[in-house]
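The structures come next, written out as structure tokens.
In the two assemblies presented below, chain A is common to both, partnered first by chain B and then by chain C.
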Partner chain A sequence: MFAFILRRIYQSVLVLFCVSLVVFAILYLSGDPIQMLLPADASQEQIDEMRRHLGLDEPFWAQYLSFLRNALQGDMGRSFTFNQPAVKLILERAPATLELAVSAMILAILLGIPAGLFAAVKPKSWLTQIIMSGSLFGISLPVFWMGIMLIMVFSVFLGWLPSSGRGQTASFGGIQLGFLTWDGCKHLLMPAFTLAIHQVAMIVRLVRAGMMEVMLQDYIKFLRAKGLSERRVVLVHALKNIMIPVVTIIGLQTGYTIAFAIVTESIFAWPGMGKLVIDAIHSLDRPVILAYLLVVALMFVFINFMVDLTYSFLDPRIRLK
Partner chain B sequence: MNWHALRESWSEFRESPAGLCGLFLTTLLFLAALLAPLLSPLNPYDLEQLFLENSLKVPSLLDNWAYESFMLGSDGQGRCMYSAILYGLRISLYVGVASTLLSALIGTLAGLWAGYQGGRTDTLIMRLADIQLSFPAILIALVIMSLWGQGVGKIIIAISAVNWVFYARTARASTLSEKEKDYVDAAISIGVSAPAIMLSEVLPNIMAPIIVIGTVRIANAILLEATLSFLGLGVPVTEPSLGALVNEGYRVLFSGQWWVSVFPGLALMLVVLGINQLGDRLRDILNPRLKR
Partner chain C sequence: MKSAMKTLLLILAWTMIASPALAQTMIHGAASEPRALDPYFYAETPTNSINYNIYDALVWYDHDAKLIPGLAEKWENPDALTWLFYLRKGVKFHDGSDFTAEDVVFSIERCGSWARSGFKDSVRDIAKVEIIDPYKVKITTKAPFAILPDMMVRVMIMSKAHVQKTGDDAQATNPVGTGAYKLKEWIKGDHLTLTANAAYWRGAPRIETVNLRPLTNDATRTAALISSEVHLIDDVPARDLDRLNKDDRLEVTSKPGNRTMMLYLDQARQNSPKVDSPTGKNPLQDVRVRRAIHLGINVEAIIKHIMNGVGEPATQTYPRFIYGYDSSITRPGHNLQKAKELLKEAGYPNGFGITLDATNDRYPNDEQVAQAIAADLSKIGIKVKVNAIPKNNFFPMADKADVSMAFAGWACNPPDAIRFLLPLAHTYDQKLGAGRYNYGRYSNPKVDALAQEASTNMDPKKRLEIMSTASRLLMEDMAFVPLFNLVNVFAKSKKLDWVQRIDQYTWYFDMALK
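Take a look at the complex of A and B:
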């Protein structure tokens, strides 16, 4: 087990190294930030001075190494627009995004797994027809349009739910969380639902396909012959055997919801890091983009690592490979 | 595939109402996009046809059921929404199809090469694919577009850079099983060069799964383009795709002009739904593993 964890950590570090190199190379090739930092009428001496000062006259590798050295100390430069450390800006907004992404995933799991199980166990039911066409709609819906439609109906026409912001938050262990207050919950509902739609559809399809395969296996027939109740066969014995693909998808999709929160956050003006990075992209605030990418990459690597650990816990055969 | 097999597949395809519905929707919307200049009452790109007094008109279909300009209302610049949607559909489908063709080309060749050569080439290409797959497509495309700026050609390349992985994996897996077969050994023994074997012997035999993946991925490519354009990082404002039109509609939503965002989004959903239904059905028919 220990060797397995060590090997996975080594792989994660390698991936992070590759990501930092690629991101830095793209930024390096994408042009000179000097033009944005200095006024247009700056003299050539001023430009050269600034370039020397920022270390931009050094070769690619030297620049990358100093970037890496700073990044390892949590320093990725200051935001051009906010004049604050970029990492600090991102980390300040991370709880809002994580709250949104986690709520969306919980919603997706609560809706998706029971719906998928039902569709697999009772394939002829009218409810199954609805669930399956619903999931096809779910993967075909443009997420941003869905969000706008919700705003149109519930905020503009009915006036029931607020369309932007996070509302009132309460402090929990020093972190501001919205779902602890009623107002925060009302603000969270539409963005989380919008973000969850795609995931519900994916989970339904996966659970159904997995269950249908498992239910044909001999051990299920044996359990039935033994006289176990259908509920126990499905919920205990069959469900256990589709957990590996389900856990993988849930893990991977949590990463995707964090990234996709960019879209949801810009529709609902949710003050998370996705909204921050979209604004940073439009104002060419390079340190913030860079810090966002590396922080998000770190999150993905961590999530993938956790998924692998869960695997080896669920299925000991994987550990041995 | 010969004529007889084609007819047999068609009669199997016909059995599913969802598949037929998908085929119908897809054909209808592709035709609408192709014939946009003939179908649209006004040309949304012609600045001489834009008048400010026409801006934000309520859809005329609400009280008069007739095929005319402004039947789906107009946007803030006085553009007929119906015409704008037809032209937007054209751009969305163009980007979807072009990026699918490009990524299928790159991905298939990379997968074929990796699978056939094996060894270091294989490890390098597939490791790259693995690392890329551990990051969401939207993030990668977003980074490319944000550093590169808007443009139809650029977004096609950005989406292809994201999607090649899926074709590469499929092509590699099929190549690995094909390369053990006798016809490859035969070609090697008469001295055919490796690139020639890959392209003229192996490639035709791995096309079926590639085509299936392609149908499913077109829908994804269209959605990805729409999302990026919605965020203002896709097509330029002068050539709005459906996603860009929704973005425009979002800005006037709070003043009650719902039609500017509702109709383009509806068109987008229908086209993606149609292609998804069609793709699902094709996968069921062409995938021999599901036939038992």
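Take a look at the complex of A and C:
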């Protein structure tokens, strides 16, 4: 177990190093950040002074090495555009994105797994027809369209829910969380639903397909022959056997929702990392982009680790080596 | 379990009591969030706008960009190089300390010397700042510098004691000014809350609390205004104008800004890099060709169909409230016949080929406008290939003058034509620092002389005359092809009382809620 964790850390450091080099090179090639840091009418003198101050006049390798030297000491630098430590900017925004992504995934699991099971067990029901055609919509509708439609219906016409923002937050262990307050919950509902809709559809289809396959297998027949209730057959024995691919997809999709929450964040003016990073990419704000990649990479490592742990719980034959 | 439920209910009840909005809170849905509350960090409208609510400068503008006193009650220049500023007495910073000449000297020095200052240019012409007495400051400039009071608008006054105590980098999030509002809290990406400074020297602001919410998505911003979640939105998307105009609870206001969109034409080189000329020469060196381009572009149609009506045809290289604008210059209409004749006279009856470089992420609809220009010019035989690229690549390329025809905009800030004449119209001269943004390398010694005279002449009337002459010369030479001025559009609830400013700043001191 311990060796397993150590190897994971070692692998992720290697990945981070490669990622930082590639990203640094891409950013270096994609334009001059000075344009973004000074007013459009800046004099040549001012431009030269700023370039020197930020070390942007040095060759590529010198810039990369000095970045690496600082990064190894835990200093990712100050944001070019906000003049605040890049890591601080990211960590300030991370709880909002995580809250949104986790709520969306919980929503997706709570809706997706029962709906998928139902569709597999009762394939002829009218509800199954609705679930399956609904999931087709869920997979094909663009997120931004969904989001804007929800805002139009629930905020502009009905006036039930706030259109944007995070609303009131409450502090929990120093972290600001929205779902602890009623106002925060109201703000969270539409963005979480928008982000979840695609994942629900995915989980429904996966659970249904897996379930239909498993239900035909011999051990299910055997369980039924033994006289187990249908409920126990489906919810305990069959479900556990289809969970490995489902957990894998949920893990991958959690990472995906964190990294791609940007569209939802932008529609609902959700103060998460996505917006910050897109702006940083536009303005070539190198410290923020690199700090973001570091944080997200660490998150992915953590999620994958959790997925592996869940595997060994679901299938005792799998051992963490 | 029971007690847990009780606690939960209590928490819920508490949050419901606490959440109703306080009386007199104005909510501003902004298209862009400020970058830093350090007033010298980065010069752009959304950042400056919020900072002018927190800080004051010695001098300030009214709605129509006319100079009015700020922290200085009055100022005078006894000789061409010397300026005396008489400071207001009894003004206090947000932390309760007194505002004195010390703070002015400190601010001007920090503006020019802090390594991350984005405002160094604002004080570059100043040689020396001295304290005469605690409420009198003497500024000496390196050369006669007529627009010094305008430049002092850009230098917001910081508290010397506060900056020295908390350090340079802390100012980004911990501002202390003398302005009408104090920072209460800033949760980046979500909201920035200001509360009224009751002891403000202009009088207490009428709105108690201002909440700035960054709503960067256009559709969301409009929806928030329609659903009454915000009182004011800026940068209103043109496609939503109809809908907002129809709503009788709302009001749309617009004013031309200080940015003029135009074409930069390469006039210096015998062989321009991106021209395919039948004669082998650079056709843009001929004023008749430049005039043909001016006449050949249907600016009215571009404003109507591409800009959704949000723009006004430009008569010259800056809009009318810029000091130095010449109101006698009129815009010739779109005239294909005349344009073709001019091209023929110049020896290009069948036109020529050229690449039009433009941005695709800098100005409203920039790429589409460039395409429309290309389509218009093809009607007079000029075959234009549009190369629309991100601003990060466009500007470094334009800086190297690696363009033959470029579409971009320029804003005079301060609103004085000298801010066009020196950086754009003057001959490119690295030593002088002039012509820095003269991408077409236009050069006319007469214009150079006028620009230099206008920058050192101290008599406002004389300056206006000099700069108007320069404006006319630029149009005679068709040095740049002015197309249209951008118009700034805001939309607000009718409950909000406010007159839009030309400089686009949302100065909450001016606002009231009915």
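As a working rule, the second predicted complex is superposed on the first by the 259 of 321 C-alpha atoms of A that agree within 3 Å, B and C clash if a C-alpha of one lies under 4 Å from a C-alpha of the other, contacts with A are read in each partner's own complex, and residues count from 1 in each chain.
Everything that follows uses one rule, which is that contacts are C-beta pairs under 8 Å (C-beta built on N, C-alpha and C of every residue); 3 or more make two chains touch, one makes a residue touch a chain.
Given the structure is predicted, the values throughout are model-derived calculations rather than measurements.
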Touched partner set for A:Val307, first chain B, second chain C, both or neither: neither
In the superposition, chain B vs chain C on chain A residues touched: C
Which of chain B and chain C A:Ala201 touches, first, second, both or neither: neither
First, second, both or neither for A:Ser266, with chain B first and chain C second: both
Partner chain in contact with A:Gly255 - chain B first, chain C second, else both or neither: first
Contacts of A:His282 with chain B and chain C, given as first, second, both or neither: both
Partner chain in contact with A:Met152 - chain B first, chain C second, else both or neither: both
Touched partner set for A:Arg78, first chain B, second chain C, both or neither: second
First, second, both or neither for A:Val296, with chain B first and chain C second: first
Touched partner set for A:Ala101, first chain B, second chain C, both or neither: neither
Common interface positions of chain A, toward chain B and toward chain C: 30, 148, 151-152, 156, 163, 266-267, 282
Residue ranges of chain A touching chain C (in the complex, touch as defined): 30-33, 35-46, 49-50, 53, 78, 81-84, 89, 92-93, 96, 148, 151-152, 155-156, 159, 162-166, 168, 170, 176, 180-183, 266-272, 275-276, 282, 284
Chain B contact footprint on chain A (complex, rising order): 15, 18-19, 23, 26-27, 30, 133, 136-137, 139-145, 148-149, 151-152, 156, 163, 255-256, 259-260, 262-263, 266-267, 278, 281-282, 289, 293, 296-297, 300-301, 304
Chain B - residues contacting chain A, complex: 18, 131, 134-136, 138-139, 142-144, 146-148, 219, 223, 226-227, 230-233, 243, 246, 249-250, 253-254, 256, 258, 261-262, 265, 268-269, 272-273, 276-277, 280
Chain A-touching residues of chain C, taken from the complex the two chains share: 11-12, 15-16, 18-19, 35-36, 38, 41-44, 115-116, 118, 120-121, 124, 169, 172-173, 187-191, 213-217, 219-220, 223-224, 226-227, 229, 361, 390-393, 395-396, 410-411, 413, 419, 423, 430, 433, 436-437
